[in-house]
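Let me give you the structure first, and then I'll get to my questions.
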Amino acid sequence: MTIEADLRSVASAPDPSDPAAKRGCLLVKGPDQPGMVAAVTTRLRDAGANIVSLDQYSDDPDHGDFFQRVVFQLEDLHSRIPQLQQELDSLLTPLGFTFSLTERAKRKRMAILASKSDHCLLDLLWRYRRGELPVSIPMVISNHTECVEDVRSLQVPFFHVPSATGEDKSASEAKLLELLKGNVDFVVLARYMQILSDDFLKEVGVPVINIHHSFLPAFIGAAPYKRAKERGVKLIGATAHYVTGDLDEGPIIEQDVARVDHSMTAADLQRRGADVERAVLSRAVLWHAEDRVIRHGNHTVVF
Amino acid sequence: MTIEADLRSVASAPDPSDPAAKRGCLLVKGPDQPGMVAAVTTRLRDAGANIVSLDQYSDDPDHGDFFQRVVFQLEDLHSRIPQLQQELDSLLTPLGFTFSLTERAKRKRMAILASKSDHCLLDLLWRYRRGELPVSIPMVISNHTECVEDVRSLQVPFFHVPSATGEDKSASEAKLLELLKGNVDFVVLARYMQILSDDFLKEVGVPVINIHHSFLPAFIGAAPYKRAKERGVKLIGATAHYVTGDLDEGPIIEQDVARVDHSMTAADLQRRGADVERAVLSRAVLWHAEDRVIRHGNHTVVF
Amino acid sequence: MTIEADLRSVASAPDPSDPAAKRGCLLVKGPDQPGMVAAVTTRLRDAGANIVSLDQYSDDPDHGDFFQRVVFQLEDLHSRIPQLQQELDSLLTPLGFTFSLTERAKRKRMAILASKSDHCLLDLLWRYRRGELPVSIPMVISNHTECVEDVRSLQVPFFHVPSATGEDKSASEAKLLELLKGNVDFVVLARYMQILSDDFLKEVGVPVINIHHSFLPAFIGAAPYKRAKERGVKLIGATAHYVTGDLDEGPIIEQDVARVDHSMTAADLQRRGADVERAVLSRAVLWHAEDRVIRHGNHTVVF
Amino acid sequence: MTIEADLRSVASAPDPSDPAAKRGCLLVKGPDQPGMVAAVTTRLRDAGANIVSLDQYSDDPDHGDFFQRVVFQLEDLHSRIPQLQQELDSLLTPLGFTFSLTERAKRKRMAILASKSDHCLLDLLWRYRRGELPVSIPMVISNHTECVEDVRSLQVPFFHVPSATGEDKSASEAKLLELLKGNVDFVVLARYMQILSDDFLKEVGVPVINIHHSFLPAFIGAAPYKRAKERGVKLIGATAHYVTGDLDEGPIIEQDVARVDHSMTAADLQRRGADVERAVLSRAVLWHAEDRVIRHGNHTVVF
C-alpha cells in the first residue's frame, strides 16, 4: 500500500550523527513509595546515562501517586534502548509502576484531522515546517478538500475521508482507522468538529488531542463564542485536552484566554478566539511530543 | 440617629477649590438615532463645558442601542448641575433616553458587606486609604466581627449584623436595609457569601456588586476551587458582577485569571485565587465609581 | 509597467453593494478647544451620517491636544467623500487641526518587506488570506528569495531586491522606491533587518511599521534574545513601532511579552519570541489598517 | 538587648507535632557529572527520606552546571538534620558542590526595609498575617515613621533609622547592621529607595531582595514611570532581584507587566505599577522563603 511506503522514510531510525541521537526521555508513574527516585536514577547512572533534567511530583507523600520525567544523555542510545527498557521493566513493573522510554531523535508520528476551519491545521503545519515541532506528519485527513494544496505543498500526504452520520458513520470511521492504525503515535483534532465514537477511540489505540473552542468547563458544547457574547464575558478562552468517550470532559492539557469587550461581535470573538485556539493547541502538541504530559485519571501532570 | 450624623460630613458638597470640582461625567443610553452625539455635545458646549474624553458605542447602527460616556470640565459645575440636568432631561427623555449626570468631586458612597474571609475587604480599605478609589465608605457591615479593628482604625464605621436563615433572614435583611437605605450609592459584597433576597435587592434600590470566586460561567455555585482542582483546569479566575435575583447570573463587569498547575492543592488554588478576586473586585469597584459601566440587559458596556 | 497593471484591480473603487460601502472613518487631531466634538459631530450629522462609535481624548483639558476617531455610516459614502472632505477642511484647517477621512471599503495598500526569517511575513499573509486584515497587498519585497512561492501562491506579487551596503545601498533603496512610491499606503517591515536611510523614509512618503524583537526600550539593537538570556530576564517581548530616522526609537504602537525561564536557551527564547513578534505585528498592522492609531510626537494614541 | 529577646521566640525550634515538621528541602549546585541525582537521592533514601518533589536542571549536559531542589519528608527531621548535613557534606563538598539543607517548619527570618511608599510593605505584612508567607518578621526598619502603627499592630517590631548621606551614611548603615546582623536570614527592600553600600552588603551577610519599579533592563534608574510615559510604552513592569554592588543589575528573580494606554498619566502608571510591584515582590519573597531560587552568576534558577 502506498501509504506505508510513504511513511517508511518518516519512521526510520534516528541518524546517530545527530547530536540529539543520544538524548532519551523516561516517564514513570505509579504508587509512591520511598526510594523511587533513587532507584530509577541509580539504574540510569549504572547504564551510563547523564541526567539533563528531572522533574518529580507526588500528589500525596503518604500513599499518593508518583510521577517522574527524566531527560538524559546516553551514548549509543538507539542500540541500548532494548536493554534499558528491560532493566527498567524488571525494576518498575513489580512495584506496580508504568513507564515509557523514548528517544528524542525518534519523532512521534502525528496525524492531523481537520475540517473547513483551517487556522489550527495551518499553525501546526507551519511550526512543523519551521522545525518547531519534534514530530513527523505522516498524514493529514480532512472531511473537506479545501486544504489539500497547503498540506501537499509541504510534502505531507493528504487523505479525504468525508464525514457521515448514522450507519455510514461506522464506514467513515473504519476508513479513518485503516489509515491511522499502526501508522501514527498520536492524533490531533485540529478543529475537526466531528464526534468520534467510543469504538473508534478504543480501536485507534493512540492518544487523541482535541482543541475545544472555549474555556472549559464554561460553554461546553456547540457555538461557544455566540454564548460567550450572550453572557457578556470579558475573557474568552480555549482548551486543549485528550479525547475520552465523554465529550468535552477529557483530561485538560492546556488553556489560555484573551480579553474581549462589549464592542466585539460574536464573529469578532470567534476571530480573536482562533488566535487563542491555535496557540493553545500548538503548546499542547509540543508538550505531548516532548513527553511532558502524564495522564492520570481525568487530570494531567505537565512537567 | 448617629449614623446619619456620621454620614453627613461624607456626603457634603464638593470643595470648589478642588481642581476636580469642575469635572463632570455624563452617561447616556437609549435607542440609537442619527445626530445623538451632535445633540448631546452641542448641549454641553452651549453650557460652556469642555469635553475631556468621550466614548460612544452603538451595538447596531441600524436601530440598535446607543451608549455614551462624556467626561467634561465646567466652571462652577456644582451650582450649574440642576440646570444642566434639566436641559439634558428635556433633550433626552422625549427621545426615550436615560442619562446620569455626576460630579467627579462628589464621591459615591460605598457600603461594603463582608464575612470572615477578609482579603477583598482589606484590599478595598487599603486602596481607599491610599486614595486610589474615588468613593467614601460610610459603613462596613459584617456578619462576623473579626475585621472590626481593621475597619475602625480607618475611621470607617463598622456594624455587625449576624446572618440568619428562615424567618430570621427577613429580620436580618431588614436590619441591613435600615442601615443602607438612603445612606449609600452602591453596595459591594466583598466575599459576603450570603444570598440576598429579591425583596432586599428591590428595597435597597442601589447597585450591588459581587465578586464570584470563579471564572463564570464555569463553576457556578459553591466550592469552585475544589471543583477546579477536580476538573484539572490550568487557569482559575474570578468574576465581578452586578447582583440580580438570578444568583451568579448578573451582568459581568470584569474577569481575570491566574495560571495554576497540577502541583497545587485546592487550598493553593484558593490562595492564588484570592489574589485574582481582590484585583478583579477592585477594578470593578473603581470602574463603577468612575461611572465607566453602563448596564444593558444582562451585559455591561465598560468605557 | 506591469506592476501598475497588477495593482489597478487592487486599488479600484469599492463595490457599492458591499454593506461596508457606507462606513467611513474620520481621525481628527489638533489644539484642544471647547466645542470641538460638537462642531465635528454636528457637521457629520448635517451630512446625514450616523455615528457608530466615537473615541475622543485630550491629553490636557487646558490647552492640550485633542484626538478623535469617529466611525460613521453614510449612504453613498464613496460619491459624497469629496464634499465631506471639503466641509471638514473648511471647519478644521483654520483651527489648526489635521484630519483624515477614509472609506472602510477602500482597503489600505500594504507592502511587506521581508528577509530570511519568515514568521512575521507568513502570519500577515495568512491573516490576509483568512480575511482578517482589511488591506490589499500589492507587493512583497524581499532581499532573499526563499519565500517567493508562499507569496505568489496567494496571487501576491513578489519582487526580489537584494540588500547592499555602501554606495550600492542607495541603488538598492532607489529600486525599492521605484516599486513602492505611489503604489502603497503603508509599508511593513516583517523582520526586514535592514536599516532604511533617512532619505528613503522621506521619499517613500507613507508610514513604515517595524517589529522590533525586544521589549523596547530594553535590549535596543542587535541580538536581543541572546542578551535577554545573558541578563536572565523572566519575560521577553516584542515591540511594533513606526520607523523614524532614529532607529528603535519611533512611536510605539503595540507591545507584548511571554514568560520564559532559566531552562530555555537563547534559541528557545528566539522561538518563543517569534510567536510574540507575529502577534504584536499583526495587531499593529490591523490597528493601523483600521485607522485606530494617531501619531503624536514620539507617541501614539490607539483608539 | 531587648531586640534579641524579642527575636528568641521567633527563631525557636519547630513544633514536632506540626505536620510540616518532617518536611525538609535540599538545594544542590555544582559542576555537573554523571550520577549526581542518583548519588543525592540514594543518600536521602538511605536516611529514610521520602521525596515529595524533585526538580533538576543542567545548563549544559557536557561540563555545565548542575542545580537541584528536593523536597522530602523525614520523621524526626529536626533532630536528624545535623547528621544528614554531615553526610551530604562528605558526599558533595569533595565534588565541588555546595548545598543548603533546611527545615520547612523553621521559618526564615525576614527583615523589611521600607520608606514612605507603603504598598509593598503592607502587601507583605498582609500576606504574613494571612499565613501566606512561610517567614517570621523579626523587624521592619524604615527611614520614616508613617508606617509604625501598621507594623506594630501585627506585633512586628518597628525601628526607625533615618537615612543619611556623606559621612553620616556610614553611621546610618552601621545602625542598620547592628539591628540586622545575626537576627535575620534575608532582607527585603520594600521600595526602600536608598542605595546600600558594598560594605553594607558584605557585612550583612544575607541575601537582600529589591523591587525595582520598572521592567529591567528598561528604565534603569530613577523615575521609571515618568520615562515610560515619555517613551509611550504600552506595558509597564516591575522586577524583583537580588541586590549586588552593581545597582539595578543583580540576578532577576521575577518580573511582570501590566497593560497601559495613552490616556494614563505618569501618576496613573505609578498607581497601576504599584499593583505589579507588590505582586512581583511577594512572589519573589515567597519563592525565596520556600528555597525555590538558586543564584548562579548574575542569573537565577527558579524551581
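Every chain is named by a letter (A, B, C and D) in the order it is written, and numbering of its residues begins at 1.
In this text, contacts are C-beta pairs under 8 Å (C-beta built on N, C-alpha and C of every residue); 3 or more make two chains touch, one makes a residue touch a chain.
Not measured: the values here are computed from a predicted model.
Of all the chains, the one whose CA centre sits at the greatest distance from that of chain A is B. Across B-D and A-B, the chain pair carrying more C-beta contacts is A-B.
Here the CA centre of chain B is 37 Å from the CA centre of chain D. For the pair chain A and chain B, the distance between C-alpha centroids works out to 44 Å. For chain A, residues touching at least two other chains, in rising order: 53, 57, 263.
Note for the complex: chain D touches chain C at residues 57, 59, 215-219, 231-235, 237, 251-257, 261-263, 298-302. Those residues of chain D lying in contact with chain B across their complex are 53, 119, 122, 126, 130, 132, 149, 153, 263, 271, 275, 279.
For chain D in complex with chain A, the touching residues are 32-39, 41-42, 44-45, 48-58, 61, 68, 73.
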